[in-house]
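Below are the structure tokens for one structure; questions will follow.
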Amino acid sequence: MSWKGHHVLSVHDFTREGIQSLFEAADKCKAAVKDEDGADKSVLDCCKHKVLGLVFYEPSTRTNCSFATAMLRLGGTYINVSENSSIKKGETLQDTMRCIECYSDIMVLRHPEKGSVQAVSSFLHKPLLNAGDGAGEHPTQALLDLYTIMQEQGGKIEGLTITMLGDLKYGRTTHSLAMLLAMYGVRINYVTPAGLGIPDSVKEVVESLGKVISQNEYLDLSEVIAETDVLYVTRVQKERFESLDEYEKVQGSFIVNHETLANAKDTCTIMHPLPRVGEISESVDSYPSAAYFRQMENGMYVRMAIIAKVLGAL
Amino acid sequence: MSWKGHHVLSVHDFTREGIQSLFEAADKCKAAVKDEDGADKSVLDCCKHKVLGLVFYEPSTRTNCSFATAMLRLGGTYINVSENSSIKKGETLQDTMRCIECYSDIMVLRHPEKGSVQAVSSFLHKPLLNAGDGAGEHPTQALLDLYTIMQEQGGKIEGLTITMLGDLKYGRTTHSLAMLLAMYGVRINYVTPAGLGIPDSVKEVVESLGKVISQNEYLDLSEVIAETDVLYVTRVQKERFESLDEYEKVQGSFIVNHETLANAKDTCTIMHPLPRVGEISESVDSYPSAAYFRQMENGMYVRMAIIAKVLGAL
Amino acid sequence: MSWKGHHVLSVHDFTREGIQSLFEAADKCKAAVKDEDGADKSVLDCCKHKVLGLVFYEPSTRTNCSFATAMLRLGGTYINVSENSSIKKGETLQDTMRCIECYSDIMVLRHPEKGSVQAVSSFLHKPLLNAGDGAGEHPTQALLDLYTIMQEQGGKIEGLTITMLGDLKYGRTTHSLAMLLAMYGVRINYVTPAGLGIPDSVKEVVESLGKVISQNEYLDLSEVIAETDVLYVTRVQKERFESLDEYEKVQGSFIVNHETLANAKDTCTIMHPLPRVGEISESVDSYPSAAYFRQMENGMYVRMAIIAKVLGAL
């Protein structure tokens, strides 16, 4: 699998070797930004004279800033076409993207419609990175999540027990991550409120690769917290429930705090794609294994690696 | 005509020599960005340490991104004051621009009011580029259109037949282009719906320079398509018509597709300032002479040349 | 007082020595940007590879652009999280800022709530600059005002008579400036409409440092214009008055024009934080001592100095 000159659209395009080489590049980026001893500082200029076109049809401060700073920290620059009103003048998505292509060397697109990013990519001659296509995929988020798991768990993924918590029915992030984990020998637990379980279609894809040791579903975190190496928390959105009553009934079971974590391993890595709105108590922030802000930072290093690999600069 | 240190406000300020030297600079910019053999790569750093102030009182993704990336590709940087709410705090335009002037080395202004850009320029000590003043001018668009015609037609303008299609009454872009073409020995055809013809005032200005071979008006493209070297398509906006009926009557005659182009020369350059909303069928995109996306890209090179010449860097 | 690695939150943190060393850095920045003879041009690259995170919960073109261009002119880059809708997704301010911290080397925050910037700073490991916290402080504005006074008055502050004009009750800018001036032997006059006088709390803080020669309040500029070395004009907002009648009664007394300035010294420096909405007649712009646009420009140099000092680059 080669990154150079290719679109990055779906986790299904990735191979273990491709991911391995990407994460080695992310390590180099991290060392250079943090100015570690022996770091290769030329990384910080390796995309000089290159322009990244950021096109966001849905707001997303975090993903947008992460890509923007990734490019800046490689010595490149960017333009931002996010939420700009004139992208709504009745023009087709492909015309807009072909215009942005005239100005830039690589593009990032977030769009609310599933499949839209893949569809428009066939019109483009320069590489396109999928930053989320509605209920579809968010492949760079899955990569940064996997990178964080490796960083926090001593470099290995094989043999880990990963528990995903929250609304896994509508959570694009967790679908992409599960499908990426499918390439490794891990145990995956899905803990969700009734009716918000992981879709069978996702489980089948994960199963089909034949690597994952087990996939199990639960309604209560307490059943699996003790065996969990990585707890991946996501939000349970009020509006997914039929009534406020139903929401309030389950809500408490999906809040991570001292009590919830009482039986967790000390080394249990706690992750969250952020923003959180109460799912993880602030009292958990001081746990050495609370990794969500490091996960955020890793997003920049992984995106630096993606941009640099795709542009052939690393 | 010297570009260095001057405002760029109107096509009336340009001379053929000035345009020639600008287009030579645009060629250098294009070669450097495209990394062509023998390209002078120092162009990509020639505006290092310079800041462009972009002030847009009307949204325009394309023009804004084009100027922004032009500056980035010269090694410079920019700030964007587009649609920012605090430019509406009751301050005069000249005060706002004098503030932006404190921070930048060169400025770009788009404003909905005709004459506003010219008016404010007299308060400024640093160069101002007009990016459109309402029904007034859009001189950098005219320059990139002319540059594209030359690029697509083998370097010459003299002797060409240029047909402009669509609403030419309200189309600022075509007025500026016609007035720029007035310096060359060309034939200009204006094909418009009844009531949306090119204003007499524009035709008189074009006539007055004494270079243009002919200016003729038509209601139907079929009358002139066979002789046309350059077909410049613009939009016919629904809201310009008294009734939807009237709009629907003419609309079909102003759509460019296989049928419309049946009698066109193979070498007939097809242009459009974009965005298009149906005026050019997507089936035309594969024509080798369909130049609208190259025109878009040329916008960046021409604006690189303008910025670099005005700053004295090229 | 050391700037390196510290937050810049309040004028109360500053010392005269710290200010002196900051202003020397600002002089270097000014010389480098203006390309003066003997200027140290390395200043223009001293923050290369550094990223500034700009977070504005209230719009402010001027302050935002001033910080942005300050960073650009030091060779650094920035991201802008101003008014971006996804900072409103119910996330706490500290979570948002800890995310921005993951991507940047130094941060600027403007927030409408008094004390919010100070409060969030305790969660951050990288330096935070206060760009205004509601009715609280705006310390970098106070520094650029003081720098401008020194620049315009031949390098000295001791012994000057500074008159502040307008609404001094709600004017955060003038409170911060008064508290900064409190470190010097100056006379301060406050000229305000009835009911919009400087708060006693501010006067007490100024008094408590024991340096200021006098603080006096007036209702009419004519009483003190002749003795004034620096006239600091601010806006009187209509909405502060109980009725339009009351507003119109006083309004005229707070407009600076030829008549108001008839008895002023030729060397009386006229300042305004801008934007102005009629408080200073445009006929005053041509006075050699009208310093408000130079004040604006100085904002960039002082902010360059702050960023560079805090990052340890100057």
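Residue numbering begins at 1 within each chain, and the chains themselves are lettered A, B and C in the order written.
Just so it is clear, a contact is a pair of C-beta atoms (placed from the backbone, for glycine too) under 8 Å apart; a residue touches a chain by one contact, two chains touch by 3 or more.
Bear in mind the structure is a predicted one, so any value in this text is a computation, not a measurement.
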Fraction-based call for subunit C against subunit A, same above half, different below: different
Cα superposition angle of subunit B on its copy subunit C, in degrees to the nearest 5: 120
Separation of mean Cα positions, subunit C and subunit A [Å, integer]: 41
Per-residue overlap in subunit A, given as positions that touch at least 2 other chains: 77
Contact set on subunit B toward subunit C in their complex: 49, 51, 53, 77, 79, 81, 84-87, 89-91, 95-96, 98-100, 102-104
In the complex, subunit C residues that touch subunit B: 44, 59-62, 64-66, 68-69, 72-73, 75, 77, 83, 274-277, 293, 296-297, 299-300
